[in-house]
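Please go over the structures that come below.
Paired with chain B in one complex and with chain C in the other, chain A is shared by the two complexes that follow.
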Partner chain A sequence: MSFQILLNLFLAFLWMFLSSNYSVSRFIIGYLLGLLAILAMRRFFNSRLYIDRVWAIIKLVVLFIKELILANISVLVLVLKPKLEMQPAFFKYNTELTEEWEITLLSSLITLTPGTVVVHVSNDSKSLFIHVIDSNDIDATIDSIRNSFEKAILEVSRT
Partner chain B sequence: MKTNDVILQFTAKIVFFIIFFYAVHIFFAGHYTPGGGFVGGLVTSCAIVLLIIAFDLKKVQSILPINYIYLVATGLIVALGTATFSMIAGKPFFTHSFDYFNLPILGKTSLHTAALFDFGVYLVVVGVTMTIIQTIGEDE
Partner chain C sequence: MTILANILVVFFISVGLLFIVVAALGLIRLPDLYTRAHAASKSSTLGVMCILLGVFFHFWLKEDHFNPSILLGVLFLFITGPVGAHIMTRSSYLAGVKAWPGTVRDDLKEEIETMKKEQGIK
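After this line comes the complex of A and B, so read on.
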């Protein structure tokens, strides 16, 4: 992954020196050409192409913005209801993520989408304790976290 | 009971660099725009204090093995040295000079000796702030 990025930068510099024109536009052209070369030689690398990971990160950002808007609308509906029918509760969520940055990112995403707040991470970092505003559909909440955020983060970190 | 601070510690590691870069930016912005040595030093201390909050005092001292009292002394020497340098050149105490230089990468840059004096102020502010916080924090 990092080797591919370094190789791509090296190819871009090489292109700049070959054409002996040291400007930003030349560098960008060289970078794109290096990207094409790396795409063509994808069988040489034993890990994923780094451009896949960049795409996964873009997808994660889009997913986060979508979830943020949807969840805020659902909280607005809860606030404007004349009757308070919600049942706040805590539940434990077992995560498959292991790395520090993955857990931090997942917790931030869960906290920033309203209705759920991460209040504690267990000492072995294997489960999160989440406060949910409406416990009538906890299973649906767990499923939505597991199938949207956790999947997207795993997609980014897959080698 | 020891809680698991994984989120705070990871965030502090990243945010430390952002705050430190902002401090350097505000230090160099001091000549024409708001900023300067004093604010830059305080913001740098804020970054180190964030690390102390996220980890603990002993760990941060092993990461940054700086004796902050020596840092204060160094800053005072730098500031005084800048001020006395003009006396050697036969001008009154604290006379600053500046000139334009053609540096290899940056091009035409104005270098002013007031920036060196400001750097001394920066070191003194970081040293004093961190000395105060560490001596209070070490009290059992």
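After this line comes the complex of A and C, so read on.
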């Protein structure tokens, strides 16, 4: 991924030198042309195109912000309800992620989703222990949400 | 244009204020540490972020002063908020803070016990 970005920057500088015009607009044009060249030569790279991965990161950030807002609304409803009727629980969740940065990212995503806080990551880092604020209706939906998170993170880290 | 800018600023700051009030109410109303961590971690993160965004828009749109350090502050809050909640709940579980009696299920107990046994703590 970093190799492709460096190559693209190099092509942009090459374009600036070719036209001997050192302005920002030239650089942007060169960058876009270099992107086109990389797109055309994608067969020769071992990993996938970096644009693909940048797109996956953007999707992950949008998901993050959406979940943050939903989580806040659910906390608002919970706190302002006249009667506290919730069933907190600690439960175990087995993750497929292996890299440490992926697990860190997943646990901060889970902490910001509606009604869940990560309490403990097991020593072999294969399972997360999550405190959920209302276990009876959320358990199933949370699984689906977390599957979407895990999928989004795997989408970013896939080579 | 100024009306639009005013609406943007007022919207962000009032939403942020609302969420901070909800976080404070949650700290008072919720029964135990773990449920309070929910209110504290989520609502205060988004509340402070919204207020900072409102301040950013105020200085940018009305005083013509673009201040990126506020945006960096938003980013840092975004990163550190959930980690702080995680560390506080984990250390209090390890220190033996009891959960609310209404807690239904506790998968974590055995895990912590085996961990303590392996490391020879108590």
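We adopt the following convention: the second predicted complex is superposed on the first by the 152 of 159 C-alpha atoms of A that agree within 3 Å, B and C clash if a C-alpha of one lies under 4 Å from a C-alpha of the other, contacts with A are read in each partner's own complex, and residues count from 1 in each chain.
The criterion applied here is as follows: a contact is a pair of C-beta atoms (placed from the backbone, for glycine too) under 8 Å apart; a residue touches a chain by one contact, two chains touch by 3 or more.
Nothing here was measured: the structure is a model prediction, and the numbers come from that model.
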Touching partner for A:Ile58 - first (chain B), second (chain C), both, neither: neither
Applying the touch criterion given at the start, work out whether A:Leu6 contacts chain B, chain C, both or neither, answering first, second, both or neither. neither
Chain B versus chain C as contact partner of A:Ser107, first or second or both or neither: both
Regarding the shared-chain residue A:Ile69, is it in contact with chain B (first), chain C (second), both, or neither? second
What is the contact status of A:Phe129 with respect to chain B (first) and chain C (second): first, second, both, or neither? second
Touching partner for A:His120 - first (chain B), second (chain C), both, neither: both
With both structures superposed, pick whichever of chain B and chain C touches the larger number of chain A residues. C
Of all the chain A residues, which ones make contact with chain B and with chain C? 107-108, 118, 120, 122-123
In the complex, go through chain B and note every residue touching chain A. 2-4, 6-7, 9-11
Could you please specify the touching residues of chain A with respect to chain C in the complex? 68-69, 71-72, 75-76, 78-80, 84, 86-92, 107-108, 111-112, 115, 117-120, 122-123, 129, 131, 133, 135
Touching residues of chain C toward chain A in the complex: what are they? 18-19, 22, 25-26, 29-32, 34-35, 37-39, 41-43, 45-46, 79, 81-83, 85-86, 89-90, 93, 99-100, 102-109, 111-112, 115
Would you tell me which residues of chain A are touching chain B in their complex? 100-101, 103-104, 107-108, 118, 120-123, 125
